[in-house]
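Chain nomenclature is as follows: A, B, C and D, assigned in order of appearance, with residue numbering initiated at 1 for each chain independently.
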């Protein structure tokens, strides 16, 4: 694994926990974690339960005792590591967004395919039991023809103008702001649940243009200095979308949505029913079915913790809820189980990363051009 | 009508509005309103749309141009007026609680029955569309055998110790406090929805024992003086109950439930489903059905404003909600429509008032005796 | 009053109820209601409590015993009646949308202004206590600089393809569909709460293009025949918006949002706090304040039924909720009270109607042109 | 550790995860897990990450390489193991309820105290961030004098009469049913949050008296045979309570509350504010403060995932919620950290177990005697 901060912790925890709750065909060996700062990575290796560590990812990707390379560094570092790992014949697992640009993402996909290795991207929210239930209902036609898809990813951690200029606020490291970080999830969930995008038009704004340069950074938090630097990514991006299946979409991501902490929501309205989800209450799915008798139609709140709900039976009894980290466990379980000779792919791969990037760039181009953009034109 | 304060207004409004939204066999004539203070009652008559007024209820009940006498005075005045009106051959409609004591309530019922007049009591909450839906589901067996009935009526208007000693806080006018005022509604709804009580045990407390004597009173509010008097009713009463059908009940009424404004709630758990209601969101009913497929079981929130919901079709389009006052309109509509020679009784009558009083007194006796009391022993 | 269907009923009820709950400087006389079908209008006059009726609006607007003309006919009939009434020196009160086109709306405003009469438009939702509270908080700066405005108006009454081709689905009567009917409210609330629009871009769709021609129509419902006609208005319109104050907006109206009955919602995120409102729970306002101590920050649900909430003190005790119809009462109360020589305008007028129309047309032009449109360019 | 089923898994997971998210003074060594079935316990040891296993708890408690014995067997086995472990000088950590009877619980406390060992009981729900916040607010006086405490623990896993006769339904193994299993948590939380009980009166029922005898059992689930046996514990127990501080309590536990999966809720109403909690949404706490300005008073929903919330900072960013299992991690972290020479006790101990048992038995005696029982009389 390359990277040992917020995502490094979430992924490490998943590798460690899977075997306790899921039956694996062969056990996971957490061989090595990699980071440039030896002291930091050594401590992370111990704390997270890795057998060893490396300080140079080039050494890591060449190790013979490793089958899978997990990359969760800042986004700008993804490409080189992934391509090297794929060339070394390793399966690769990359955090989203896949790359800073669509061109890079395509190069990564091409590299993984030509190397013949498995490739996966960490669109973790697909793997919540409530989202799995949404997927089942749509695939079975229970929601009918989809008319509307509404999505938000709303947070508020940037409202304070004194919040420092972390790497996520700088284009060279992060590629974009709320758009790449948050809309990436919304776009992937939309594609996963209802299908591909046709065209988009968007708007974007940076509300606070200068922020104090951090003295040091740990994950999302940083201690600020008195020196200010430019915020070079968006604080919010919203867009209209039309899907290939005729559905109309509305998307909005923001780090200035006061009061929302992690509001990754979607609402789907179809000819037979409707679905609503909110990550802040991730165990629940709201479902409305027109097949219910008229006087009893209403949104029902399903607590997706029964053994009939995917993955839920591996955890606790009904009503004993799971948390944020569990989606990583489920996704990585699917990935690791697939890594047998005959393993079926049950995880999102780089082509999903490319298609997500394509939508995100179409939105950015629509903003630059003040025009609707056909997603397939990119 | 006798009484022209809070309830006088609510009832007057109902008489005035019914004809606009409901088809009546013959129109309602609002003949006269009665109160001791001539200036006050005259103004009320004008404002509320009554054709005239009286200052002596004895004169009112003798008038030949009146068919129905509506009594919504403080509770201690109910009995004499109702009995006189019944003797004068008038249909009678009384606010709850029917009387200060069970003995008085029985006397009133006996008087109305021996006079052969129609008698009704204002258990208005039965007549909300959402409550009607609950009733339908239970009667149809959709909830199955009832295991649990939970009810609260929670308000918080007495938390401030400076709130004055209004008539509702004095035993001689009000009979009791939270118990008679609030539990009366809970007990009636429980009887209406799932049937009669078997036995009860309760507890009661007055948290603030002395309050400033009001200089003047208007409805629930009053201007307080510096002189203090004793609060002679309960601030809260809660009780356990066992029903004749085997259900277990838990009831709680309070005027000290900080944050609740009008929390008349019930929850019913049965072998086939469950129901939850909260008067603060009176257009909604939460329904859970075990017949739903397992992965989709959840409480659904029905917004009872469709034309399939009783009374809702007389109002506005779906989702255009109604308010507190509408239950009075529905109940009085049922009462007035029934006042034809062949009219079926579709409203709660004094026997419901008596049975409610019986449960309330059983609870009070259980507190006095520190023991369970069989309701039928009273 | 001209018109006696859904809105005619809502307005009539307001005129009738105001005096019972609000102190008026002089009482309201409900002189005459007008409609082309004599039988229908006569019955409406009786049921709604009007002193008389007319079958020709030209006669109505000339009557000397009338000060105010209320127009709630289908939208295409607004203009002629309003202009004639204004010329006759009557105050005019018009349902929204003011007119079928911006040009017509401007002509109506100009006519009313040159006639020197009072003119008002029925943007009723401004007058809910919860919305008034939102307005106060924003005006006092408690929400701070506004970053985001999100609004929806979601209904689902057109999902069934067998629903007939009512007048609201035909461009010549309604002007537009979900856009003019629903977004009109959203646009007005946005302007009322945070100010004017700068530019917009939208998308629109008609999901069901042909519907059965109705045999007869009553309000929103109609009995369908076997003959089909074209739906000539939109089923849904959504748009992005940028406000003059720098806020970013997202709007969506639909009559295909399965499960929503009357989802007129807004969410406002500012530098100091946030506000959320949903018409399906119209007594409530959700408020988040960053000034709260950090560990206690959260959306609080205010039940706007206390006497400190505007208009609420005129109704019932705390927690005794009001319904849809009450907003009309409050708005018409403000209008009628203002109709004294020295009455201050406390209601929305035709200039608000024009500005709303301007935004709606800018959205339609953005759809026709596939481009962002400056609102002030129209 | 003795026991390797549902609770064994939850505890094992905690021991394994703590070090990754919390700083420990010295690392945890998971030495051995114990169970009678060698195959089962061996598999559990491997899966849960224990270094070894034992099949006889007597051998386990004598091992010199073990400092802490964790007991999560069925309740009837607690006493002997705990007393032996304490005598062997081990710190002891026991699942709730501490014992089948108050007498046994007292003997266990006495044994642990006379052995001078640390003793802890697994009242895990105290250790949720939201519950910690409730505790802080009450201790600081922000809620004021407590008037009301309402608690439920509602589940529905026994509604189906075909559910088999698991050990939790047999008095000899479980001691009691919903009462000991669920009310135990409610009683402990009440004591933790507002203080000790004065007197109680309760009611209890077993709705389904005979159930199929299970062929085999795994945790809560079991395969049923055709032979039926008696259910010897309660399906539901509710009780009224009066606290030493004058608060009035209402408690209800049920395994027949259709639709509730894990409804461990409490509501606390005090002179200055109110608090509400529901385990099905365990990241949230609803708080109402009378100190808020009147027009803005309402229950606010705090998502207790900020770094200002206890334990939350050790996990993920704001809004990234935790689940059921995390409370175990927090409690065991506190216990393990305290196991230094100078460690302050920051966990519930056997005296809490005894006091909880005392209340539970007082309720059972009140049912047997049909009378109020002073808790201190036992």
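Note that in this section a contact is a pair of C-beta atoms (placed from the backbone, for glycine too) under 8 Å apart; a residue touches a chain by one contact, two chains touch by 3 or more.
Since this is a predicted model, take the numbers as computed values, not measurements.
Separation of chain B from chain C in touch steps, taking the shortest path, is 1. In this assembly, the chain whose C-alpha centre lies farthest from chain B is A. Between A-D and A-B, more C-beta contact pairs are found at A-D. In terms of their C-alpha centroids, the spacing between chain B and chain D amounts to 41 Å. In terms of their C-alpha centroids, the spacing between chain A and chain D amounts to 35 Å. Centres computed as Cα averages put chain A at a distance of 54 Å from chain B. Contact of a single residue of chain C with at least two other chains is seen at positions 260, 288, 297-299, 303, 306. A complete topology is adopted by the chain contact network, contact being made between every pair of chains. Listed in rising order, the residues of chain C touching chain A in the complex are 147-148, 150, 154, 156, 159, 201-203, 205, 207, 236, 238-240, 242, 246, 248, 250, 252, 254, 256-260, 269-274, 288, 290, 297-299, 370-372. The touching residues of chain A, when paired with chain B in their complex, are 133, 136, 287-289, 292, 294-304, 306, 308-309. Residues 6, 9-10, 12-13, 16-17, 19-20, 47-49, 155, 157, 219-220, 260-263, 279-283, 303, 305-306, 315-326 of chain D are the ones touching chain A in the complex.
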